[in-house]
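Heads up, there are several structures right after this.
Okay, so subunit A shows up in both of these, paired with subunit B first and subunit C after.
Now for the complex of A and B:
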């Protein structure tokens, strides 16, 4: 093995360590038998997982986050797919503006989007009480991921397949359902997984727009860690990591690029 | 019986005119080619007929019924795209069945008609393959079968051979033409390749700048083009610019070639003006010994191309291209005589920029 490939391999390993080490630490910390969030763990035990399962606050927060992520994802799934179809097939010379518009929440710092929304919802007299502000924020944050993924599966696909379906007697809607949708399914599903995870995970938007009452998981964790420092927080994180992993694997098995 | 009728069809994109008034009648069972350089409006015409583009003015009639504003799915057309546009997530059989499903044909009948269509294009062994597992020519045949299996009133083909290699293209030409004759379907074919248009069509419609320049049988477009531009676009053309020397009683026109020989042009006797622009196709000029020719010249270039030899000959009347048989033993630099066939010479109006009409 020569020097160059040695360097490359070392670099590659370092990248993986850098990316995966925090996850490993969290998972190991959650198995801690001791009373405090420390690393390395003092003995192995599942006791903090049981504590977590008994804790209504965290269970509710996870359910609340999942519900929020699922509903935000379904709304941006429709909007993002429509936006991507418009961008690729119909926008013409306005295409670049459409793209920038949809990607803006990704380009701007999250905190800016959050503050802008906060001002907006108070200005129109709605405030943050009805969760509509929080929901809108999550849709905005997830929209670019649907848009980008559907875009990728549309680009390089020949638009004339839809026209061919039309000449064969399919209406616009039937052509979309029978031809376009199956072709972009991999992009749509990847986008949905991304969107769900982003929504599940996002902090800034949730922190500023959550209002009173139940809060999403990241906020609940943050609140908890301000006063407690037990491995229960690590257990919660481990559960959400597993949930995410599960989603990615299932989606890949169902819709992995076959065509 | 007229199957398709375009009446003063106009199409504007904003202020740009893509079609400036196209009128064309296509007869039942006829094979028509729209031929022209890119941007001439031939594809736009096809898109208007298919219903993909809303027309700005005029009308499109199928069997005397105005379908100008019908949606593509209600027009009863079959179309083959340049990219074939096969559904990549469906097998060959599923691709073929799609149009029949849309027409709510019964399952057993779909099966039978798909089988027949696959047999027609010799693809039966590939029924369960996906398009990406087929060669270009096979994909092309699937696209044809998919368009024909629904038994449409009209078949539209948009440069279907453009993506095939030369040898396959020649094969598919014959295949499409034979199939069209067997099925007897009215066909409109868009191409920028004049050979394709010539060999396949009953009638060639030459289009320039959003207008029809000439619509005629391939022989007529080639031998009697309506303008110099058509003459040059369809095949190679020598244009001789000659002075008219006499208008004899018996008809025709006499002109004098440089060197003194009189050339008698039989066609179009009542030609006004003093000069004449005459088209002579390269293969209609014969090379002889210098003393037998109507015009003398020297071979400047000689290209052997298998079946024939192409010459470029310096004469007092410009450079003239000649295509001759390979049996003639002529070299570059030889002096030769050129012999014109008076019946094949074609006088045309001068349509060069700045020239009087």
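Now for the complex of A and C:
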């Protein structure tokens, strides 16, 4: 190995460390036994996790975020799958327009979309009441991820299998349930996991449209971090990292092999 | 009839996008021309006061070039760090590729608030880096790593690096390895192969990655406010301040649109420059 490739390899390792360092440091900070985020830590303990479990604000925020993510995902799951089926099977010459359209919420800056939704719901007299605006925003943010994942599983499969089933006398519904659905199942489930995580973590939409009352976890965490420097925020962050990791691992075990 | 039935698949999504993306963006445009008012978001009638106010008051006007420069610096560092990584993953063996891919994607699965928070723990005055350097006796007073452009650019580079690597990776993976092998067997050096084959082939990925990172960086809110501690004023921070805290909707909208149009011009110039050079 010559000098140049040694330099290159060192550089690469440093970038991988750079990618993981801020996440690792949050997890380590949550185990700090001291009252403040001091380094080196004053011993290890789980005390901040117990503090977190006693704090209704964060527990409620996690539950609220999970509920919001689950409901937004279930709506975008239906819409996104239908749009992907249309895009692959029926769009024809308009395909590129359909793709750009569905990916718009991903392409446009999230914070601008959030502001636009705020004005729009205010103008039609709803405002941020009843969390309708918040919910709509989350559906928009999660839709592209369902669409992209279902597309991937439909790619390279034309409608001939469904056509064969129909020729053999299957009804439209049966053909969908017995043929199309199993075909797209991996894409749908991966997309759902992606969408759930995106909704769970998204900031801009929730920040602008949260309204009054309960707020999603990223907002509570952000508000807390502006004025507090205890390791409790690190414990909350660690729990949210573990939840995400759990989802990814479970979905990989359930659906990963089949893709 | 068949075609008509197929429209039912796309109709709900089309309606959703029209109602909740297209119409709201039109609302922002209209809002930016409304007249300001005291005590309520906007008043009667129309005016271009929001636009003139932005350029008249240097506090706001100066944030625009600063924000664009911040975005460009972030894009540059993402490309600098991301390219070797994308190349590494594209040429790695199958066994390694999954793991490396996972490392690159992992920041995406952790919320942006948590990632920015991680940087404040690392960069703070009594943070990991400053404490370690002080304990080693290298410094006596903490280095100013946070609450300035340096810290914000560093954290933004981390936050958006995956968005650079992913497009680069897809363009690099579309390259036929036989071309590089052919060049090599004809006596080309590794650097020549990179300069004449690999880099031009990856150009669409470079373009897509740079545009994506630039747009995300200039419109980010969490990272500049947590790592910059309100001492780095980006236009996006001022927009949110005007809209949410000061309740000046026409002015905030005008500012947001000025930023969006300026970013659009930068992106167009960039696309133009890179196309002329490589095609």
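We take it that the second predicted complex is superposed on the first by the 240 of 259 C-alpha atoms of A that agree within 3 Å, B and C clash if a C-alpha of one lies under 4 Å from a C-alpha of the other, contacts with A are read in each partner's own complex, and residues count from 1 in each chain.
The rule is short, and it goes like this: contacts are C-beta pairs under 8 Å (C-beta built on N, C-alpha and C of every residue); 3 or more make two chains touch, one makes a residue touch a chain.
Just so it is clear, the structure is predicted and the values come from calculations on it, not from any experiment.
Peer 1: So if we stack both complexes on subunit A, do subunit B and subunit C clash, or do they fit?
Peer 2: They fit: once the shared chain is superposed, the two partners occupy separate space.
Peer 1: On the chain A superposition, what angle, as a multiple of 10 degrees, is formed at subunit A by the C-alpha centres of subunit B and subunit C?
Peer 2: That angle rounds to 100 degrees.
Peer 1: In the superposed arrangement, which partner chain does A:235 touch: subunit B (first), subunit C (second), both, or neither?
Peer 2: A:235: touches no partner chain.
Peer 1: Please determine whether it is subunit B or subunit C that touches the greater number of subunit A residues.
Peer 2: Ranking subunit B and subunit C by residues of subunit A touched puts C first.
Peer 1: Name the contact category of A:80: first (subunit B only), second (subunit C only), both, or neither.
Peer 2: It touches subunit C, and subunit B stays clear.
Peer 1: A:25 contacts which: subunit B (first), subunit C (second), both, neither?
Peer 2: second
Peer 1: Counting only touches as set out at the top, which of subunit B and subunit C does A:165 meet: first, second, both, neither?
Peer 2: A:165: touches subunit B, not subunit C.
Peer 1: Given the touch rule stated above, what does A:105 touch, subunit B (first), subunit C (second), both, or neither?
Peer 2: After superposition on chain A, A:105 lies in contact with subunit C alone.
Peer 1: Looking at the overlay, does A:116 come into contact with subunit B only (first), subunit C only (second), both, or neither?
Peer 2: Second partner only.
Peer 1: Quick check for you: in the superposed arrangement, does A:174 touch first (subunit B), second (subunit C), both or neither?
Peer 2: In the superposition, A:174 contacts subunit B only.
Peer 1: After the two structures are laid over each other on chain A, how near do the C-alpha atoms of subunit B and subunit C get, in Å?
Peer 2: 7
Peer 1: Taking the complex as given, what residues does subunit B use to touch subunit A?
Peer 2: Listed in rising order, the residues of subunit B that touch subunit A are 50-52, 71-73, 75, 77-79, 81-83, 85-89, 98-99, 102-103, 132, 146-147, 150, 156.
Peer 1: Taking the touch rule as given, give the residues of subunit A at its contact with subunit C in the complex, in rising order.
Peer 2: On the subunit A side, the touching residues are 8, 11-12, 15-16, 18-23, 25-26, 29, 37-40, 79-80, 82-83, 85-87, 89-91, 98, 101-102, 104-105, 108-113, 115-120, 122-123, 136, 139-140, 143, 197, 200-201, 203-204, 207-208, 217-218, 221-222, 225-226, 233-234, 237, 240-241, 244-245, 248.
Peer 1: What residues of subunit C sit close enough to touch subunit A in their complex?
Peer 2: Those residues of subunit C that touch subunit A are 3, 6-10, 12-14, 16-17, 20-21, 23-25, 27-28, 31, 41, 81, 84-85, 88, 100, 103-104, 106-107, 109-115, 117-122, 124, 126-128, 131-132, 135, 155, 158, 161, 215-216, 219-222, 226, 236, 239-240, 243-244, 249, 252-253, 256, 260.
Peer 1: Could you list, by residue number, the parts of subunit A that touch subunit B in their complex?
Peer 2: 158, 160-161, 163-171, 174, 178-179, 182-183, 259
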